[in-house]
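Chain naming follows the written order as A, B, C and D, and within any one chain the residues start at number 1.
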Amino acid sequence: MNIKKIKEIVENNTSKAGRYFDLFIQSVIIFSLISFSFETLPELNSSVLEFFRIAEIISVFVFSIEYVLRIIVADKKLKFIFSFYGIIDLFAILPFYLSTGIDLRSLRIFRLFRLFRVFKVLRYNRAIRNFQLAFKEIKEELILFFIMTFFLLYISAVGIYYFENPAQPEVFKSVFHSLWWAVETFTTVGYGDICPVTVGGKVFSFFMLMLGLGIIAVPSGLIASALSKIFNKRENQE
Amino acid sequence: MNIKKIKEIVENNTSKAGRYFDLFIQSVIIFSLISFSFETLPELNSSVLEFFRIAEIISVFVFSIEYVLRIIVADKKLKFIFSFYGIIDLFAILPFYLSTGIDLRSLRIFRLFRLFRVFKVLRYNRAIRNFQLAFKEIKEELILFFIMTFFLLYISAVGIYYFENPAQPEVFKSVFHSLWWAVETFTTVGYGDICPVTVGGKVFSFFMLMLGLGIIAVPSGLIASALSKIFNKRENQE
Amino acid sequence: MNIKKIKEIVENNTSKAGRYFDLFIQSVIIFSLISFSFETLPELNSSVLEFFRIAEIISVFVFSIEYVLRIIVADKKLKFIFSFYGIIDLFAILPFYLSTGIDLRSLRIFRLFRLFRVFKVLRYNRAIRNFQLAFKEIKEELILFFIMTFFLLYISAVGIYYFENPAQPEVFKSVFHSLWWAVETFTTVGYGDICPVTVGGKVFSFFMLMLGLGIIAVPSGLIASALSKIFNKRENQE
Amino acid sequence: MNIKKIKEIVENNTSKAGRYFDLFIQSVIIFSLISFSFETLPELNSSVLEFFRIAEIISVFVFSIEYVLRIIVADKKLKFIFSFYGIIDLFAILPFYLSTGIDLRSLRIFRLFRLFRVFKVLRYNRAIRNFQLAFKEIKEELILFFIMTFFLLYISAVGIYYFENPAQPEVFKSVFHSLWWAVETFTTVGYGDICPVTVGGKVFSFFMLMLGLGIIAVPSGLIASALSKIFNKRENQE
């Protein structure tokens, strides 16, 4: 088997062999992520732990071979090694060989990006293209929205700090603690671990939330209008 | 009364008799669901329980007759028995006759699907059609959204596990417990039974939530643009 | 001052005198609502309570005169008395004269509807008209959405009841208690007074919430598309 | 260096020197806000506090020079002093010189508005223009929405007060306490510090939340339709 053929399998996912190779690698990624997740469960008995240890060895073995193959078939080897996927692929196997005290296997999560390729196989090109076009259309507006949101969060945090700090010095300890309150309030998550108790703090929250209601609505409005435009364009072209 | 006439009543809900038959069956379904719900209330006295027992017998009696009638009038009897509604109809009455230890009556909840037919009677065809067309239009985008959402949830769960597990080993026990946190956070439900306490965990949550704000906005954007397109099309046709 | 002139003032809010009359009545409504709200504050001293008692007498005095005037100027007196606003106006003063044990003054809240008239004075006709047209456009879809939402809530309630009742019999007492959980979960309020603790309940919640994310997005999608259509129509007409 | 040249630098941010001046001032604003935020952290040792004291002096020094320069170069000096930015700039330095008992430095937060100018430098004019046009388009509808929302909040507050006050007199103390419940419920924040426990209160909440689901969806619908219109208009002009 010459390099050209391996290249065909490893890099080209339109050929039949390439598609199977991709599916195999993706299956191992999912398998290794699932086994990694189960391994975090406390109170596992030794036989189950043994199973996970073997699963880990197999995964790393497959990933290592894949990594070596990708270097071999790459036209510009150094470019691949220092590319986004090249570094991720290295991070996915390195922790096993280094076996440092810190568990770096979670870095492997970035391998999830490899899973995105599955969409190509599933021919979801149109849907992906729509999202990309919509995102491109509203990129500037989205950035503006995030900056405005951060302003709103910061102003709210400083405001609530002045109202609540004297009443709850242990909860609203600093502007940063207040910022956490602002985050969980304006995203409407509201765990309840930190919330205003003074009249001033509640009235202030009320006005900021009214403003927030309008601001939180911006992204879906942006996405709707961008997608509408793209749908109309496509319609007209057909 | 010959079979053809019964068939007319049981299967055809455009005729007057068929409509009354449908409304009667739907009333019994709603009645049986309401009585089932009330039966779960604790501390009921014996006379009320007796009432529910009789309500149960009547419901099953009606459903049994309906089931038998539907088999009799079906052109392809086996096809009906193994069809979606055939199996649901059987599940609705079987638990009563089997009276196993486990309460399978909750399977009857699938009979709710039968209630969808009420829309046909109410002539809500246009609204149903709009939703169907909109769903068809954005099916691929919706699936992509759900996959992206699951990626976001999983990555957030692994991330928060590393930040919070050392501080709250009893709360963020494993990646699966963290996944529950991710679910209640990104849907913005936020019960507060599980939430980050470390600085790292809060900063990580902040960034993931900012990203999540944009992602959670996708479905309403998709629905808006799809419905806009359908409304425009209808407009142009008229 | 003859009846015709009074009629002009009381019923016609396009004339100058009528506008002042309207503004005066609206001010008294707002004043009486504010004073009613403050009266609910516990631990008020006697002088403040005395103030509220006088405010109450003045409000009822004004409302009574207004009610009598409206009957006098009405062409069909009985029709006005039994109309929506006629009954509300009576409910606003009746509790004072009857002074029953139960505090019925809260019925006066329906007088808020009278405040809607303020929009006419503010010339917000276009915005109101847009909302009315949008609502008319999507009425059937909205009803469908509410029915679908109720189905989702009921199915979720029954499902979670089976998962959580054995583990938390005091929290998930019955299907109705579970329904309250479903309401606060799918509206993403999430107080945290009732939430799943079992693995099954959490997995079930996860899947229902994923579905719920799509369903909760429907109203803003509907409103966006309806308003878009109306804006386009207006554009074309101009 | 004559005044004309200073004016060029201070007021004109299209020239190279003006842009650098703007960037420098913005950097000092951000630096002073960050140092102000860190200063609120409890348990700082004396050397860190000393650092913040110096940072404070430097910031005020820069802001003072900027303020004086802006007065000098202003054509109408009094007009600038009493303008929005003039007052904000004064508020940013005044607390330092007055050193009153109350910490007024938080007023400096309004200097954040100065940061908005950064967008001009970044050439985000199109995105800002889109938001401004969209806001102008739906201004009246948004005001109507806020008034409707306030009505919904007030009616819900009065309603829940009657259901929950007898059961939880310490939680639902008055209509104002209920209003806080209404705010955190209809914005779907749901901290859980205040929530209904009676059957009546829960059923009432259920119906109000169903209504609220529709109303909360209005802003994103409005924004989507306004942006769609603006995008279409731009498209047609090109």
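As a convention for this text, contacts are C-beta pairs under 8 Å (C-beta built on N, C-alpha and C of every residue); 3 or more make two chains touch, one makes a residue touch a chain.
It should be emphasised that the depicted structure is a prediction, and the values quoted were computed from it without experimental measurement.
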Neighbouring chains common to chain B and chain D, by label: A, C
Angle, in degrees to the nearest 5, of the Cα rotation that carries chain B onto chain C: 90
Over-half contact-pair match to C-D, picked out of the listed pairs B-C, A-C or B-D: B-C
Euclidean distance of C-alpha centroids - chain A vs chain D, Å: 29
Whole-Å gap separating chain A and chain C, where each centre is the average of the chain's CA atoms: 41
Multi-chain contact residues (two or more partners), chain B: 176, 188-192, 217, 220-222, 224-226, 228, 232
Parts of chain D lying in touch with chain A, wherever the complex brings them together: 33, 36-37, 40-42, 106, 109, 112, 115, 119, 124, 126-128, 130-131, 134, 142, 146, 149, 176, 179-180, 183-184, 187-193, 216, 219-228, 230-232, 235
Complex contacts: residues of chain A adjacent to chain C: 188-192, 217, 220-221, 224, 228
Partner chain D, residues of chain A touching it in the complex: 137, 140-141, 143-144, 151, 154-155, 158-159, 161-162, 165, 169, 173-176, 185, 188-192, 195, 197, 199, 202, 205-206, 209-210, 212-214, 217-218, 220-222, 224-226, 228-229, 232
